[in-house]
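Take this structure first; my questions come after.
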Amino acid sequence: MDKILKVKNLTKNYKDGADSVNILENLNIDMPENQFLCVLGPSGCGKTTLIRCIAGFEDYDGVVEVSGKETKGPGIDRIMVFQNFDQLFPWKTVEDNIKYPLKINGTKDKEELSKLAKEYLELVGLAGSEKKYPHQLSGGMKQRVSIARGLAVKPKIILMDEPFASLDAITRRNLQRELLKIKEKENVTVVFITHNIQEAMTLGDRLIVLSKSGEIKLDIHNTLQAPINPATEGYGELWKKLSDNLEGNSDLY
Amino acid sequence: MKQARIQLVFVASFLLLWQITYKFGIFPQIMFPSIGDISNSFLEGFIEDGLLAYTLYSLSLIFKGMLIGIVLAFAFSSLAIISETFYSIYNFMVSVCDLIPGVALLPLAILWFGINETTVIFIVVHSIIWPMSRNIIDGFNSVNNVYIESGKNYGLTGINLVKDVYLPASFNNVLSGLKVGWARAWRGLISVEMIFGTTSSGAGIGWYIFMKRTNIDTAGVFAALLVIIIIGIIIEYLIFGTIEKHTVKKWGMVR
Amino acid sequence: GSDEKTETEGKYTVKIAMQYGLSYAPLKVVMEQKLIEKNCDNVEVEWVTLNSGTAITEALASGDLDFGAMGVAPAVTAVNAGVPVKIASNISAQPQKLMTNDPNIKSINDITDEQIALVTIGSIQHITLAMAAKEYLGDAHALDNNITAMSHPDGMTSLLTGAIPMQLTSSPYIYKEMDEGMTEVKEISDIWPDGKSFIVMLGTNKIYEDNPEVYEGVTEALAEAIDYINNNKEESAEMLCEQEDVTKEVMLDWLNYPGSIYSKETTGVLSMATFMINEGFIKGDVPESLDELAFDNVEGN
Amino acid sequence: MKQARIQLVFVASFLLLWQITYKFGIFPQIMFPSIGDISNSFLEGFIEDGLLAYTLYSLSLIFKGMLIGIVLAFAFSSLAIISETFYSIYNFMVSVCDLIPGVALLPLAILWFGINETTVIFIVVHSIIWPMSRNIIDGFNSVNNVYIESGKNYGLTGINLVKDVYLPASFNNVLSGLKVGWARAWRGLISVEMIFGTTSSGAGIGWYIFMKRTNIDTAGVFAALLVIIIIGIIIEYLIFGTIEKHTVKKWGMVR
Amino acid sequence: MDKILKVKNLTKNYKDGADSVNILENLNIDMPENQFLCVLGPSGCGKTTLIRCIAGFEDYDGVVEVSGKETKGPGIDRIMVFQNFDQLFPWKTVEDNIKYPLKINGTKDKEELSKLAKEYLELVGLAGSEKKYPHQLSGGMKQRVSIARGLAVKPKIILMDEPFASLDAITRRNLQRELLKIKEKENVTVVFITHNIQEAMTLGDRLIVLSKSGEIKLDIHNTLQAPINPATEGYGELWKKLSDNLEGNSDLY
């Protein structure tokens, strides 16, 4: 199977002063279609930077290819769910935030749009908040609408930056499950940043750990058998491996 | 509304103070008429002097000027956001042109357009396009990156990005620009009407003020200013207030 | 604003406003030669140059100015409106002509709806046009709708570039325009022939009554300056050419032109006032004599 | 810098176009002098006509006016943010006063201050205080709540909250306001100098333009405008540009 | 010991439309000094609203008392660490963001200020980022600076809204430990919102679970013996209790 996403020799420097350093240096990642890649790494190591480069929001050295073609800037084939709470358009209702990208990408039928908005809002547990404006939502609600907006356009690749960080355990688990379902059904390729090792193990079929200085410290396939939970065979070892590779030592959590 | 009450009290105190100043003869009465005189002039203006016609004529010019000014300011500011090259040029033009007083352009305008409404509208447009562009461009430049990136991510480019992201995201600045532009339009128009007037093709409220001033009819001047102020308040609170309520306030973008 | 002026160290500060242009030449001479200071010991003079009679009138009414020079028509308007001022002296007469770039317009009767540029309504140009209209067309307001208000230079360029067919203006613009081949519509100079008052000096009742010495000092200085110009054209031209930004020769030409008359005696003021009131340009009662418009020292009509 | 290069090309093309227009006699030369004539007038102006003195005088008035205008606009806008009652009044005042043309206020200014520098400065202040206040108030109103809450949380109140939170947080709008104000100050000053005249303490560049126009010296008029433009560009790119670079740009608040 | 914080009959309605509902209704919470209260609850249930009311940023019905005195608006005695990433002043460097609140609250000495800034930045693992502006930080770094800023002023009460949500496991664990130390040393009272049950159990000596509709569903003392980890006696039961009371059911996590 061909690679849908190729990151070749990616080097990123924000060039924001004389002493600015390379955040990422010569990074290489290949992803086949329908892979679910989880990226772990200490705070400030460059995870967000990496997917911003993939999404096309940053200048960088190196090449990012989608389906064999070099990308130039952002595109609807790689949808980003930002780490930022305030990524929804504040001038649009929750519903319209979801409908709008669909509309500009070809779904003109009003009923179809309403149906889709409803469907994805239900998916993230927000049926009933259609008419609210983003400033009327809680942090976690904003995050969920953003996820719904991103999923609704059915991108080839979805780039998610700690999308579940502000969600309670139950909502998070439900969304994890839904995300996996969608991934299979729609054949999406996912790059997913998380700080939660367990989440990474549950979701990813490939796991990357970045070091403090932005290098790939670990890049492995998740061979655990679904459904993955602490009782799954090999869970403990994998957990330990990831945890050990995360900078520093862990004796708790 | 509490606001309206405070404003009413303020206006009332102002009028009272004015009348007291008048009564005590602090200023020569020929230059400082009483509230009564001004009210009389106001009524007389409408009943006898055709103040309504002057007002409507000025309003028609202002609306034409505003329309052209708004369209151009948006068109150019949008272009400036889309194209970096154009940005360099337009930003430069705004800084330069905004400095040139309308009076100084009048001869050129007459040369280009002749002596008619177009010349006046040209000066009005010149009064508003630059400050409005300044507000719009600066507003566009300060739009939160995440909205622009979201927009681009979902496939918006060029004019669509401006229309659907830059514009609503900087709507507060745009409204500021419109308010400043609206005031500039009035001031520009009145100024030009006062130095460049014509009785034939229609005359505006600036001309009216000029006539009253020439005839040392100070009450008449204030009556005409009153007309401008009343129109201004209506536009501010009815039009701009309503727009604000249904946009930036509803969106939680301003207090 | 008048409170802080007046006596400083026993000196009275007299504040005088003039406007820009050839017609105000005598005041320039007064200023350059410090004639007022020569006439009165205890006086300091503050000169300001404004460019609208209206602003000067307002400053007179506010008590900020003691004297102000302006056209006859706005002066009459001011006195008539009750501003506590009167004419203190005549200053100058200047030729004014209705110039046109349209060879088909030879007489006022040829004018239909063509626009006429003149400096502003209520100006002496406006009133003379109305006088001509009354005389030749039978209605003082017959041409009111043809008027476009424009400053002299704007009017001139508009005339020369063809943006407007006619301009009613005065010297030196009429000379420049004649040089460029513009022609004259006769009747205007007939109705207000050379020599009739053009610019006058207004003084406040206050200075006239409270400070007669200063008042006299100023009017006499003006008279001296007028004499000086009439008798020393060469020197005057030298003194004035810089202000007007022309060569001395040109300035001398202007001063020597038959219509440029400097005199302290008013001519035609009463008739103009009468006309303005009768024809409704200003409201009020027709003055019976010049005394209602001018102080005692002023001679003329 | 790329920007500067583009702007240079733009200016060069503009000059070229001007010269071509001139050469082909599209407009009468009395109204449309050549670049050479304008340059000559420019040099002559400084060498012979004392253009420098006129310019400096105008600049001194502008700086006084700007200073007063800025101080007042900030003081009142700050008060408006601190006190809701004052907000209702001041917002109302801004909307109303901004509409009144300076020329129309001239009689009152003469009445209050007499014919002198103060009157001119008053008109300049009137030109800038309202649009600047508009930008400042609207900027203050759109400051992100979280900054204000943080500020209050750490014990800031009243003027300190305005100075340390509202002001920097809305600095982009404030800069817009200053730019608009600066341009307004020039235009206001030139207009008032042109339609009003000189005072006993000096004559400015607007008066210079008036004289040149009266003498139909179009090249001289353009030369004076050139002076204004050059000063404007210096202020825009040196002063405002530098401020922007070291504030909003450094802070990541604008692009 | 007297109560330092009392929330009496707190009712909050955002009044943003005809159909606006009470987010919180007649809530009562008393906290003695030095208590560490963890608040759990599903996304959108009103946790943020609750501490915003305590902090004095909202209008509400009812009374909030600090040390027996009714509060009127915000105050330096109750410092809030917001859920929002962008709570730092963007016009100040990281260092100045920390120094500024100290300065306006009486610490004038420059060296003292630098020392404190350095100390707290080290605490949150950000030594070396002193001169950066907030827009140059990653999400997690911003969060950590905000925490440092809040702690540095040594408030009586600190209100923390999911402060560790965007931090990697190691950084999070370190910060948890430091927070507990500071709490003991400075005698701070803490209200701490989290979605992480384990975190709540590790940190809180009191645990509150809010229901979907903003009622207090559970309000218990944490009687586990420190150090608390999954092997601690009673860990499992407490976990289950909290998890069961969180709306919905949990069979994973």
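Which chain is which? They are A, B, C, D and E, in the order written, and residues in each are numbered from 1.
As a convention for this text, a contact is a pair of C-beta atoms (placed from the backbone, for glycine too) under 8 Å apart; a residue touches a chain by one contact, two chains touch by 3 or more.
These numbers were taken from a predicted model, which means no experiment stands behind them.
**Student:** Based on which chains touch which, give the shortest step count from chain A to chain D.
**Tutor:** 2
**Student:** Would you kindly say which chain has the C-alpha centre located farthest from the C-alpha centre of chain A?
**Tutor:** C
**Student:** So what's the Cα centroid distance for chain B and chain C, whole Å?
**Tutor:** 36
**Student:** Any idea how many Å lie between the Cα centroids of chain B and chain D?
**Tutor:** 17
**Student:** Take the average of all CA coordinates in chain A, do the same for chain B, and state the distance between these two points in whole angstrom.
**Tutor:** 48
**Student:** Averaging only over C-alpha atoms, locate the centres of chain A and chain E and give their separation in whole Å.
**Tutor:** Using C-alpha averages as centres, the distance is 27 Å.
**Student:** Please list all residues of chain D that touch 2 or more other chains.
**Tutor:** Residues 27-28, 31, 107, 111, 194-195, 213, 218, 253.
**Student:** Give me the residue numbers in chain C that touch at least two other chains, ranges are fine.
**Tutor:** 58, 61-62, 151, 153-154, 157, 161
**Student:** Send over the residues of chain E in touch with two or more other chains.
**Tutor:** 84, 86, 136, in rising order.
**Student:** Strictly by the criterion at the top, what is the full list of touching chain pairs?
**Tutor:** A-B, A-E, B-C, B-D, C-D, D-E
**Student:** What residues on chain B touch chain C, complex-wise?
**Tutor:** Counting only chain B, the residues touching chain C are 27-28, 30-31, 106-107, 110-111, 114-115, 195-200, 210-211, 213-217.
**Student:** Which residues of chain C touch chain B in their complex?
**Tutor:** Interface residues on chain C, with respect to chain B: 54, 57-58, 61-63, 74, 77-78, 81-84, 113, 115, 117, 120-122, 144-151, 153-154, 157-158, 161, 163-164, 282.
**Student:** In the complex of these two chains, what residues of chain B are touching chain D?
**Tutor:** These residues of chain B touch chain D: 2-3, 6-7, 10, 27-28, 31-32, 85, 88-89, 92, 95-96, 98-104, 107-108, 111, 130-131, 134-135, 138-139, 141-142, 145, 172-173, 175-176, 179-180, 183-184, 186-187, 190-191, 194-195, 206, 209, 213, 218, 221, 225, 228-229, 232-233, 236-237, 248, 253-255.
**Student:** Flag every residue of chain A that touches chain B in the complex, lowest number first.
**Tutor:** Residues 55-57, 73-76, 78-80, 82, 84, 86-87, 89-91, 100-101, 104-105, 133-136, 153 of chain A touch chain B in their complex.
**Student:** Inside the complex, what are the residues of chain C that reach chain D?
**Tutor:** 1-2, 5, 15, 17, 19-21, 46-52, 55, 58-59, 61-62, 64-65, 151-154, 156-157, 160-161, 176, 244-246
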